[in-house]
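Read from first to last, the chains carry the letters A, B, C and D; within each, the first residue is number 1.
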Amino acid sequence: MPEDIRKNFSSDNVVRVCPEVMQALMEANNGSASAYGNDAHTDLLNTRFGDVFETEVAVFPIVTGTASNSLALSALVSPFGSVVCDQVAHIQNDEGGAPEFFMHGAKIVTIPSPNGIMQVDALQNIIHEKKAAGLLAPPIHALSLTQTNEWGIVYQPSHLAALSDAAHAEGLSVHLDGARLGNAIASLGCAPADTTWKAGIDVLTFGGTKNGAMAAEAVVFFLNERTRPYVQDFKRRIKRSGHLWSKHRYLSVQLLALLENDLWLHNATHANDMAQRLSIGLAQHPDITLPYPTESNEIFAALPETIIDTLEKAGFGFYRWTTPPHITGTIIRLVTSFDTRAEDVDAFLSHITI
Amino acid sequence: MPEDIRKNFSSDNVVRVCPEVMQALMEANNGSASAYGNDAHTDLLNTRFGDVFETEVAVFPIVTGTASNSLALSALVSPFGSVVCDQVAHIQNDEGGAPEFFMHGAKIVTIPSPNGIMQVDALQNIIHEKKAAGLLAPPIHALSLTQTNEWGIVYQPSHLAALSDAAHAEGLSVHLDGARLGNAIASLGCAPADTTWKAGIDVLTFGGTKNGAMAAEAVVFFLNERTRPYVQDFKRRIKRSGHLWSKHRYLSVQLLALLENDLWLHNATHANDMAQRLSIGLAQHPDITLPYPTESNEIFAALPETIIDTLEKAGFGFYRWTTPPHITGTIIRLVTSFDTRAEDVDAFLSHITI
Amino acid sequence: MPEDIRKNFSSDNVVRVCPEVMQALMEANNGSASAYGNDAHTDLLNTRFGDVFETEVAVFPIVTGTASNSLALSALVSPFGSVVCDQVAHIQNDEGGAPEFFMHGAKIVTIPSPNGIMQVDALQNIIHEKKAAGLLAPPIHALSLTQTNEWGIVYQPSHLAALSDAAHAEGLSVHLDGARLGNAIASLGCAPADTTWKAGIDVLTFGGTKNGAMAAEAVVFFLNERTRPYVQDFKRRIKRSGHLWSKHRYLSVQLLALLENDLWLHNATHANDMAQRLSIGLAQHPDITLPYPTESNEIFAALPETIIDTLEKAGFGFYRWTTPPHITGTIIRLVTSFDTRAEDVDAFLSHITI
Amino acid sequence: MPEDIRKNFSSDNVVRVCPEVMQALMEANNGSASAYGNDAHTDLLNTRFGDVFETEVAVFPIVTGTASNSLALSALVSPFGSVVCDQVAHIQNDEGGAPEFFMHGAKIVTIPSPNGIMQVDALQNIIHEKKAAGLLAPPIHALSLTQTNEWGIVYQPSHLAALSDAAHAEGLSVHLDGARLGNAIASLGCAPADTTWKAGIDVLTFGGTKNGAMAAEAVVFFLNERTRPYVQDFKRRIKRSGHLWSKHRYLSVQLLALLENDLWLHNATHANDMAQRLSIGLAQHPDITLPYPTESNEIFAALPETIIDTLEKAGFGFYRWTTPPHITGTIIRLVTSFDTRAEDVDAFLSHITI
């Protein structure tokens, strides 16, 4: 991977910390503070997140998205139960078995779906099928969705709500993996509440790191009858997995900085804009196709190997993706971030000559 | 707890990040870097730690001590096995069940010992007893020691070596919880190798956070026949517990900064010196006794309640400890750090009038 | 171990199946029956056990005591919680780590106590201590007691009730390991209800195998507000641990046979009587001491090695126990069963000449 | 379900114990025997199974198939690893999450395949895909196959060998779920060795219960370099899951009785013959189709609802199966056993009038 940030489109994980977050860390580095989250900065989290999401919340900062998803699911799913998700979900394919570890061996049940957007009837079918299996199949205790999804595609709030309704009707709780939630909100132009608790989400993994933090996500419980019991012992689950920071303020201030003046949404909007610029540029080439619409900060494009070679030789960074047989060329993934500049995009596009 | 660092002796967890570490974080905030530990800073860790410990090592940065201890033990102990430690060990009493979680239910077997310094014959006895129990008792796969121990007392390297020998003779691996290893080395005036692998330690939890980092410890495997198999999949264990940072350089540079110019030992020496100053001052009071010798940066002192009241009213921070019946007064724990100044100690002592 | 049952006092595990149970197995071997516990014999269990214990129960037959104890505890204790028991309890020392496996790494917290009879204040102290530790100590969710205990000593129902009250007052549920419950009831001469739910027990491991079954215990929930939620998914826990028999009738009929005409109590009474005969005989020898009173079917006796040699050479079977330094001689354990005859005891005693 | 065995074709789980096994249990009920598998009957198992399979084996009797499969896999697969199987495999769909529990959260990775017969290239593809995913995907440590498979279809030994070779080439161990292994061997007319270790199987779940035992399966390790380390602590895994019988002889004699004079193969041959008789009879009806060939003792047939009604009203027992849209009628499963008589089959067929 190229260390030159200007040429590195491989992930929103490879970029630096955004300046406002770094500034907040320096400002917090002053005096002492009670350990393990009993500090003044951490005290602010519930209020600030509550303001942003316009409802009562319980917020738990966690250092990685894998831990956030896994901890959240461990509260929702009994060890003898299961969670249902899309077959391309991060929790199923990209977290090294962490969800199963935190859930003590509970099962992940997957559903195939077009473009990674789960269909309501498919969800209902699997719930009924597993119920009918009785003792032979672990009961489904939760639904986990992803916004934006693994293809950078954004769920409409009404679609999320329909899925949540179907889940709640069968006694399931609903989790949203929001590693790129800001990008979805920026894309939808909606309020944060609209694509979360107003759409039936019970607990959210709020993504900070890809948005500009050093290492900070948050598990956000939207408080209701279903979620209150999960909140009670959640900090014990954090401690028990070695995720409770002693100098906890340095975790909390990252999140506070992202919320301050809607920085997280500005960062996400900028990343999305850069993705659009890149996507539009790519689409103009006659030999390049885009198998998925560009709705957030991820672009998937099928390129001839010759162009890919040219780009790699020019020092650009990106990942090759599994390419289905019906696609001509090779799919690559490009990701933009708060730190991507228009000139970086243009420099990339300049190497794609027709 | 008082937010005034000058009056807060409650823990080395409540202090800020030391300036050199903060500087290193800012300097790292530049350009892009491959995620998940495949960056240039992380690449340096094995060499730098190898230099410090004068042997070949495999280093894995981890954000908390609880996670470091638990991950290390999970590599050494099968789910059906057990680990033996002192009955006051942190892994037994202070980590919220994390070791058992990471070890998938393996058992912690404890031994009582004077001043938290494990005796060789007690170790041998428990190993033989559990062996004799056959299938009824999980086999002991590892010994876990703590340097400095829970009472701030320092093991002599020869004593550690005798315990390690006894463990190795029975097929156990040896782990050292070094949350305050720097303080022990500063106290002993020995080389880091002397109190670790030369004393038979196979794997070390290297403490950074209490020493001055923001949030950084390291699991350090001293490479030998026993430890090489543990190293192979260790990064999978880290990922599976949600402890693999995507922007990994910010974890690694903290450790590099601590090693640079022996900063960690300078920090530890300063903290120890301040503890001596405090301990000597306390010992001069006729109504104060010190149930344990002050050998590192923790002081345990039994004070009359009247003095404790005076100190608390003056705004000083510290914890009350369980006090055995034979002790007069109440035991409090005081902890010094890199950030404690001589005048802070003197101000504390000035409130203890005879 | 001698295969001659007449000389084998090593355990109530080494004896055969009592004739009534074997007869019941043969009678059940007729026609087909729905699998997994949906058969006519299993249907009778709740009623029959309810009659014996004079209350509403939910009964789950399980093939071993280790599985019964572990499954029961897994329902009562969250993975991040803990269970408290006596330091000599079977679940702590003799089940190969099974409770921790089934509880997904929850911790066993132990209390020392004289003769293995837990004291109420010791229980209250440990509960308060762990509460005070906050996140650092897993919360205690259950108390596990043993009747008769590991030394064959019988709790008075009033003592059990006091312990249960102390546990319930702090929100704990109460489990009773009744591997030898029949012997305790026979010894106390009380009703089964008196030493179980009337003494505050929420869930019981009912021991069948040591009493005369082939391989059959039962987890018995005494239905109340605390226990009803545990019952709901208990069969899922059984299936998930591979303990749900397909040809389930053969498990259930063993238990029905033991309850029929109070066979289990007759078997226990006989075993106790034989133990008394043996104990009284031993006590008459000037060089033999009994460190614990003989209250059920286990006798612990300290014998000179010369007598032990004589007995072993004569072909008698028994185990040597760990002998504390203040005891003269070596402690052996002798166990009687439904199948021990008076002449077997007398033959044993005849080898102990004064 | 009808209790009349003559009309119950719902499973080979609903039948009684075959007379020879019951006789063996009665004969074993004599005198005392050392507990936990240290008895004379259990001592014979390795030799007897070694004779039958013509190689050196380590045999561990286990009371259920779910426990046998799960225990075997727990030895082969690290908690951070995964096992690959067909998407209709019993371990994935019918064991209530037991494999994940015993494997401490290791993942089950599934492959679709025609008729439940795994294809070699599909296996190789998934292995390569997961390898390429690096830390994000748990490494595959084992392949689990099923003989006969979930549709009663029998793998050819050469096909098993090709799959095993592909697995071994990538460092995987190979498990065979042989709940109905006897039926497969009877169908193939081969030696037991041919479809197990000679086809690359490392560890076998040997099915006894469906064949005629009361409750007895066995985990059989075929000793080689890969399997020897698994054997070492296997009995600890059994104890830790509560599956070690104290009166162990009663588990072992069931297996010995099945091996005696090839009873298990005679039982399986008879069940297969009855299945053929039933299958041929069904196939003659113009409105009935058989979606899968009848190769062992399971028959899947698609019947018009009117015929199903007639059969149910006549008191016959069987299960309805999920029926794909392209099939006319409803699929039912019929299972025969050692206890099915030709007149029982003919009575069933007599209700299917053309």
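Criterion: a residue touches a chain if its C-beta (ideal position, glycine included) is under 8 Å from a C-beta of that chain, and two chains touch if they have at least 3 such contacts.
Fair warning: this is a prediction, and the values are worked out from it, not measured in the lab.
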Farthest chain relative to chain A (centres taken as mean CA coordinates): C
Pair joined by more contacting C-beta pairs (B-D or A-D): A-D
Inter-chain centre distance, chain A versus chain B - centres from mean C-alpha coordinates, in Å: 34
Euclidean distance of C-alpha centroids - chain A vs chain D, Å: 42
CA centroid of chain B to CA centroid of chain D, Å: 51
Overlap residues in chain C, where contacts from two or more other chains coincide: 36, 79-80, 95-97, 101, 104-105, 135-136, 138, 236, 239-240, 244
Touching residues (chain side chain D, partner chain C) in the complex: 1-5, 8, 11, 13-17, 22, 25-26, 29-36, 38, 40, 62-68, 70-71, 95-98, 101-102, 209-210, 214-215, 236, 239-247, 250-251, 317
List of chain C residues in touch with chain A within their complex: 36, 78-80, 104-105, 135-136, 138-139, 233, 235-237, 239-240, 244
Chain C partner contacts - residues on chain B that touch it in the complex: 79-80, 82, 93-97, 100-101, 103-108, 129, 133, 135-138, 322
